[in-house]
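In the two complexes that follow, chain A is the common piece, with chain B as its partner first and chain C second.
Showing the complex of A and B:
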């Protein structure tokens, strides 16, 4: 893998994309087998994997929007990673199609006979009905495609034409209202895709819980990618321990945000003790689900909180990379914990279909990501703050 | 510098520099020459000054972390004693030791004690002094306006009143002077 020192394009790195493509195709074949064996279980595995990779893209979109609105300097050198990730979001719509096809296996409210005997579902029907659900999913992806492709295109334009004040202003003019659009669509996506699996359950904080996990997973993904590039001698001068420190601080902060949201949700439901709300946690305490819940408490918050608090852990590529992988695994456990009690109420054991779905979507998404990542410069070359971003010292 | 004729105790030396970059390199030279009791004075903070002066990392984070764990642990212990031992009340049918309910107070007290640790720890760690040799210089007032100063104190084991002025000149000091304590009583004491 070589980096052209003038165009900053990666060359000799096509094998990464090819490996990802092969993994993806093998995963797809396995998913086909899974569908034939047990389609209900397969759709749950697919939904979890789909959510995992979509949330990384959602997090990338947030990172770029926030970068433009806050006029950040530190993130200029790693901006292209977040931008490439958010530009894969529109393709995620293809992976959402199986979710829409499996709507009867995933979402209880989509059955007409279930609604007919359920007053609450009847009351919720104007929102929770199949056509509107599909329309909303299309709207989410349309909004993310609009923001993602627009901002990505402008960023490439900056590479080609150089910096202009008008362009910088345009980034901001798109991003500020873009954040509002983002907030609404991401919260509703969390409500639709995960929360509506349990249509009798209420949690108003759920959208932000979903969002907090997303941005944490994107920061962790960024830390992993940067440390892997550095290990192969790419961007060694441009990305030093100060940038690792910055990324590490945000992984840490977003992980705490997730913990804060998770505890707030749990705490209010525990205190109020209303059966229709507590059933959510009861379902995650029965059988071996209590083990999964404890893994989340300690693995997704307590252990990384203590380990990432110090300065040295965040400044080293290997330790930050390790905890980034750790937190990405925990992010998957979190989504699994949210989705799976619907189909296997007593056992938290993963099935081979979970791995197949992760391979299928992950391989194909990484292939698309890598194609785009290597097609253009891997840093925004002609951003006026690039040098400042490289020189920046993290206190 | 005409003050050199005035009788009194030499308490230090002072040199003025033009700009922050020169102050930074001067600080590195003073550090490399082996001085310990010296300080740099500038109208605004300068990035990289800690390294240039050879300052070690502060131990304050450990104090803050210790205080946070003390505050959080103490809060948990206090609530356990109050709710589960000393005055047991059944609230909403929940167990006496309902740690979920104790978290907000635990968190709050951990933050409060961490803040105490940060503020009082900082005050405790910095060298307490009510007077500094640089105040003997008439020139020094400019440190809050447009000038950058390095001061070396006479308490430094390397301090030599014959050599220090030449040293400050060689590292680029524009106006160098010896700081002389003019208060007779203080000088005697």
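Showing the complex of A and C:
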């Protein structure tokens, strides 16, 4: 693939999009088979994959909002990556439709007969009912589409209009209140999509736990994409090891933030030892679930904590890329660990359907991502801070 | 160019707005900051010290009476067994967090504006933690047993309960104090050396010579210094989160409705930073006014601080909302009762003071004019601290005063001794702070020099017409990074 040094558009890179599309279509076909074989299992696999790709987009939206409100300089050169990922969020609604269709397999509270025999579910019915759940999901995506497309559109406008300081101001004016909308919708999405799978269980930290995993996964995604582009000789001058260092520091920080949220939740529930709360962890300790739990403790926190602490790991494309892939895998394990005990109460049992769903959504999302990414400049080339960002030396 | 003109000028990038106004040389900075210390103490300082020390005397008087009489002098009783002592402890520990955030996290995030405020914010951290530590020390009224807080080997084989969050507090807060002190001191070393070099009396020379640990400002010393500073920033960063998280477990590990909720650790941390920034702002506004340091601690700094306050204030607001939502969602009648009782029970007045000050008030600062309006900021920062004190009061008291047994229910009222102890703790805090601004440089001289235009190696390449002042050769390099 080639980068046009004037327009900063990628050319000769269509094959990436085609490969993604083929993977996506093959995945979709397999998903169809999966649905026919075992629809309950299929919907769970789909929900997990849907969450995985959506959270990367959610993280991208955060990265862009934060970038604008904090007048960030370092991230200008990689902003388009976060923006493109954020702009895929509205399409994720299409992938949410199977989740809504599979609501009876996924969400126990959606069964009228279950509610009829369960006082707690009756209590929660004003919130946990199918129409309102669908409406909320639509609202989440509408909010993210509003912010995402608006900011993305302005960013492309910036490419055309040149060094506009008025635009910088506009970005900020949208992003600051945007963060409030973002915080509320993301927390509620975490409650809705994951926490309500176990309608009796509740945890106030869950929304921001979901958020922490999202921003980490997006930063890891960015690290992978940047290192892959660099390996192919793209943006080699613009993105040097200082930017890797910055991205690496954020991957590290967000990973610790996830660990902090996860530990706070676990620890307080363990200590108080109230059965209605501990059931969540009990369900993740039977059979091979204990292994999955331990993988999270070590793989999602301890090992990357030690490995990413050092300077050299973060400054090299290959080691940072390796741990970024590692953490994305762990992010999937985290989501799997959250969703799957619903259908596999005794033991974790990965299935080919999990791969099929990941292929289907991942392939199509990456195809959409790549189309957009290659259609415009891959850096915001007329952002007034771009040169500052490229020149920035991080000590 | 006068300071006022410079402020009204619009900069292309907000981050390019000068951090220090008036374009001083390195020497100007040294003279300005140390001039405060080398001149005779102004009358106002003596008066303030007298007032603060008198208040501190009130604190010690109250503590003396407490030790003599026992904790019966306080308003605590069944069911509210934890009153103002724990409220004040959490309040003061929280105040400290902004100092650490400014010195450590903002350093890691390359926020250069921190240099004007970090020194006294760190000092504030230390003094706030000292004030906080008073309360666990006295809260049982038996000061002779205070060493039991520590796991000291003894012939009675008595140990503290290692599963008790109160013991973790001892570890968390003492670690916090140690690291903050070290970090603060390391940052002070170059400035202490400057003070030594400028000292006119032998005794001053000896004292600062000792304190500056043989600092000569050599290249290798700077190199080691910067590595040490970075490492200490890295070590202090998790402390910003861990200390108040541990404090939150004092409540959250229990099974008391309104206390046991998983969001407590991050929610406490956000609140701590929120209140700490409010305190930094209060102190900064007074100090810069008194010493005429408006060109070092500028309105730009104020705006940045108030933005962090808006952010953390809204985080706290999100936590309030989440608590309410989950209290309903959980279907747990006790949890729902506790939250309902908070907002509409006998302590509703306290709850709504908290909400108004912490969530509603900061929304004013969406207006840019108000973010640079010093009187508004001053009142706002005071009210935020009122709100944050009430937050701890609401959490502690409303969850306790109506427990599982309605026969126990009571309306907790503080006594004059509760109030005296709390007000007196401000005396201790202000006394320490006044001593600090009298004897040590309240602005980090060497760090401020680092963010001046003159510190930029390309500064003298000739395209900055307005900076001829520097080109005249008067660089005043003593103690500065070159």
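By our rule, the second predicted complex is superposed on the first by the 395 of 395 C-alpha atoms of A that agree within 3 Å, B and C clash if a C-alpha of one lies under 4 Å from a C-alpha of the other, contacts with A are read in each partner's own complex, and residues count from 1 in each chain.
In this section, a contact is a pair of C-beta atoms (placed from the backbone, for glycine too) under 8 Å apart; a residue touches a chain by one contact, two chains touch by 3 or more.
All of these numbers come straight from a predicted model, not from anything done at the bench.
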Discussion item. Based on the shared chain A superposition, would you classify chain B and chain C as clashing or fitting together?
Written reply: clash
Practice prompt. For A:39, select first, second, both or neither according to whether it touches chain B, chain C, the two together, or no partner.
Written response: neither
Worksheet item: Which of the two partners, first being chain B and second being chain C, lies in contact with A:73: first, second, both, or neither?
Response: second
Worksheet item: Which chain, chain B or chain C, is in touch with more residues of chain A?
Response: C
Discussion item. Contacts for A:271 in the overlay, against chain B (first) and chain C (second): which applies, first, second, both or neither?
Written reply: both
Worksheet item: Of the two partner chains, chain B (first) and chain C (second), which one does A:123 touch, if any: first, second, both, or neither?
Response: second
Worksheet item: So, A:393: does it touch chain B (first), chain C (second), both, or neither?
Response: first
Worksheet item: Looking at the overlay, does A:382 come into contact with chain B only (first), chain C only (second), both, or neither?
Response: neither
Fill in: Partner chain(s) touched by A:9 [first = chain B, second = chain C, both, neither]
neither
Worksheet entry | Overlapping segment of chain C (options 2-10, 20-28 or 380-388) - the one that collides with chain B in the superposed model | 20-28
Worksheet item: Just which bits of chain A does chain B share with chain C as contact spots?
Response: 267, 271
Worksheet item: Which part of chain C faces chain A closely enough to touch in the complex?
Response: 12-15, 108, 110, 238, 241, 245, 249, 252-255, 260-266, 314, 318-319, 322-323, 326, 329-332, 366
Fill in: chain A to chain B touching residues, read off their complex
263, 266-267, 270-271, 273, 309, 311, 393
Discussion item. Can you tell me which positions in chain A touch chain C when the two form their complex?
Written reply: 71, 73, 119-120, 123-124, 127, 165, 168, 176, 180, 183-184, 187, 191, 202-208, 249, 256, 260-261, 264-265, 267-269, 271-272, 274, 276, 384-385, 394
Discussion item. Using the touch definition from the top, list the residues of chain B that touch chain A in their complex.
Written reply: 47-48, 61, 65, 92-94, 100-101, 103-104
